[in-house]
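Two complexes come next, and they have one chain in common, chain A, joined by chain B in the first and chain C in the second.
Up next is the complex of A and B:
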């Protein structure tokens, strides 16, 4: 048994029992972050804080929400919105948060792509991050079912139908997922379970993993410079903070994060209080009706790009294209053949590829929102979908021939 | 002695693994069955509809297993099709009213004599046949039916339905 002495403070008492000081050192005061970063490096903690807000607002919504097809719609739109004191606040935080969290996720992802933060030892950071993106998507979809409005019902219908696998006609699987021939009570209650328990557990586990994958390779920096962290840390600890290339995660880096979060939360709560409508689809304020399809079914903005990849093709081809689009980004660390860890603007053609990807996803998003009837827009959507699918092989080619950047700059 | 110990530990390890595997498979099966549609949901799967009141070129929407059912009495001008349900001298289109692409409900455009799906632009004619080149891969599905005078029992397979199945007209 370990040796225990009388502790002189709570800190000492805890340190003897759970190694508090070691924990603090490893996770905070001696977890080194490069100095050469910008505000985009704060998006990780912004995401963590937004997830926290979603959990807290969700806990309050949970107290009045009823997962029953007869009661769900009114429990949200009547009870929570007009009876429960400040119920509207939790709902608007939850709705706005669910939408904005995807905006930040996309910024976080594109930052990683731009600076090559998925390469040379950082592959697992990218993979665990992509797993988080999938888990957040599932969380958003299952949550979208809960108010049981028209968009909930028909999004549930369309998305569960994807599991019939096109010409495979696997309707048994679809009925199994729904627990009914159509989305009904069994469906609503099981998606409620997924939304409030199982998927959040998975997300929390993945966040821990995502943080863990960062610890050894450290976060990237603006130049992709290969920093000798031990040397830089020694300088910092010796008091030469100016000469050192690093700062500790806590309290120095965190205080920068907190500043960015401050700016972010001003915008966030402006949206919550004055401009929450964008996160509330008007069609979803009609109760679910299995005998009436809304004139135009579209997902929330953050799913539009992949939805648009599904649309211009026939059933089977569309499903395959959609499947490829869903998993394509996972492979980024392995299809980027260049050894350079550097910002895109120093990597020749890669910077063109990067901006084509960004613009293509914005075009897909815009086209996904438009009704399918206009042939010009349908054509633009089709071209954008093909462009997206072609970007993978193109990346392999241009990174194979990318010039190696001399190090030591 | 050491050898004997190792053999015993291997056996214990394998026995534990086997028991855990059996339990795991059992738990997975129970979980799968828990998500199956309930017997009460399955039992409510029969609906009778009366076709005698239908008017030509006027779409009637019924409900069967939570899904919309299109009933369209054909006018003499509309093309005949082996998919038609014939009662006396009348011909009817009876299909599940869900687009075969992703399950939206197409709207009937009376003047154009076609079903139009607003989700991805699919079109079906008055026999429920999909227009080629558009997302829906197959015609609107015909639900299992049994003719009973001028009435139709949905969910039960009558001889006419079985003939359609055998001819590959519906799935």
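Up next is the complex of A and C:
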């Protein structure tokens, strides 16, 4: 057993027992971050803050929400919105947060792709990040069921139907997932459990893993430069801050994060107070009615691109394409064959590939919401879906032939 | 500066995506087209009624007899509108209205005739004239009554056929039934005969009273169910509860739908109600209070929260400047 002496301060007392000073050093003051970064490197902390807002607002909503098909709609729209003090504020924060968190996730992902931050030791960062994306998607979908409005019900119907597997006609599986023939009380209560317990636990675990995977390979930088972190850290500690290529996480990197968060919160709360319809679809303010199918059923915007990969094909082909699209991005570190860790604009054809991917996903997103009955939209959607599927093999090809960038560039 | 360029790219792509999935997609999803694929623009006419929409609809159907009928009808309405009505002379005519519009909860032919206490205040003059001349045509639901069914107020046509008499009755309402109206009264008179609002404890029978005995409450509930059955029988379906309608439908939909339900929902059994601008505003206020009661609090708190984060961001910027002062 370790030797304990009388502590002279709380700090010392804690340090003896949980190594507080070591923790501070390892996690904050000597957790080195490259200096050559831009505001996109703050998206991780912005995500963490948004997740925090979602958890806190969720806890307040949980105090009044009733997971029962007869009570759910009114517990949200009446009890929380008009009887509970500031219930409307928590609900709007939760609704807008759930939508905007995906915008930040997509920016975070595209940043990683642009700067090649999934390569050479950083594969697990990418994989744990993708796992988080999947967990957040499940969290968003299960949460969307809870107000039990028209979109909750019909989106639940459509998405659970996907598990029938097209021509496999596995309706037994669909019924098992729903706990009923159609979405009903059993369906609502199990999605409630998933939303408030199981998936949040998984998300928290994955966030810890995601942070953990960062520690050894370190954060990438704007030029993809291979930094000797020990040497750079020694320079910094010796006071040669200008010469050193690194900064400590706290307080230097954090100060920039907090500023970016401040700007982000201005936007966030503008949306919470003045422009929330995009995140809280008006259709969902009509109570669920199994006898009245809405004219247009569409997922929230962040699922539209993969929904559109499902839609333009036949039943089975569509499901297969959809399945591929769901897991395709996981493989990015392994199908990018290039040895270079560098920003896209220094990697020849890769930069073209990158912007085609961004634009294609935006086109898919738009077409996923536009009515497919219009032949022009259907055709554009189909082309965009094929483009997305082709982008995988194309990436293998162009990165195989990518020239190695000389050191020091 | 590089960071600003990157920010501009991120913002541009985010806004483009927003535009495509929100304004553009919703416009495409809800746009109305005629048989030739030409877009029909639905516009509010400021809650005045001259049959423009009704005639255009008939023209789109290609039914020339109907077009002529609608044109003739609304032309006559505008003729009556030009007559100088005599409120004193109209009182006797209005007494006939009171035969049914008693204010008592008695269903007649499908619905409870609404109270006319503020009819001159919340309804448009042209609409009132049209309604007395031919209720089905005025409400733009004449397609419902082409066969054997008769509009519950249909008998008014034979009771009051003289144009001057109509002008007098309308003048009476505009003068004597035009007192200041609360949102609740406006809503009760214009909407409650068909629509319940459970968030304000309102049913087709009006505001639900408080009962001491459960037995009485249950007995009342049965009366409500009976009334709803009658309305359902007449309308084909029970008209929706309007508790959350203010958030479920956009402003543009509400305006154009209330002016002319057929425009947004062709074939609907909902009649045009004939609200004027003030009447609409009162009804909207009532529905906002029921379905979006936090609107005022939201708008009051918004600037403070945004102000807080503007100051927060400024201070954070200064802190960042300070922390990074020796780094470059």
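One rule holds for everything that comes next: the second predicted complex is superposed on the first by the 409 of 409 C-alpha atoms of A that agree within 3 Å, B and C clash if a C-alpha of one lies under 4 Å from a C-alpha of the other, contacts with A are read in each partner's own complex, and residues count from 1 in each chain.
By our rule, a contact is a pair of C-beta atoms (placed from the backbone, for glycine too) under 8 Å apart; a residue touches a chain by one contact, two chains touch by 3 or more.
All figures in this text were calculated on a predicted structure; none of them were measured in a lab.
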Report for A:269: first if it touches chain B alone, second if chain C alone, otherwise both or neither. second
In the superposed arrangement, does chain B or chain C reach more residues of chain A? C
Answer with first, second, both or neither: which of chain B and chain C does A:261 touch in the superposed model? second
Which partner chains sit in contact with A:296 here, chain B, chain C, both or neither? Use first/second/both/neither. both
Check whether A:371 is in contact with chain B, with chain C, with both or with neither, and answer first, second, both or neither. both
What is the contact status of A:315 with respect to chain B (first) and chain C (second): first, second, both, or neither? first
Contacts for A:251 in the overlay, against chain B (first) and chain C (second): which applies, first, second, both or neither? second
Using the superposition described at the top, list the residues of chain A that contact chain B and also contact chain C. 295-296, 371
Using the touch definition from the top, list the residues of chain A that touch chain C in their complex. 35, 38-40, 74, 77-78, 81-82, 87-89, 92, 103, 107, 241-242, 247, 251-252, 255-256, 258-259, 261-263, 265-266, 269-270, 272-274, 277-278, 282-283, 285-287, 295-296, 301, 304, 358, 362, 365-366, 369-371, 374, 377
Would you pull the chain B residues touching chain A in the complex into a rising list? 32, 35-38, 41, 45, 61, 63, 65-68, 100-105, 107, 118-121, 135-137, 171
Which of the residues in chain C end up touching chain A in this complex? 2-3, 6-7, 10, 13-14, 16-18, 20-22, 24-25, 28-29, 198-199, 240, 243-245, 247-250, 291-294, 297-299, 301-302, 305-306, 309-310, 312-317, 319-320, 322-324, 326-328
Going by the contact rule at the top, pick out the chain A residues touching chain B in the complex. 154, 157-158, 161-162, 166-167, 169, 175-182, 184, 186, 190, 290-297, 311, 313-316, 318, 371-373, 378
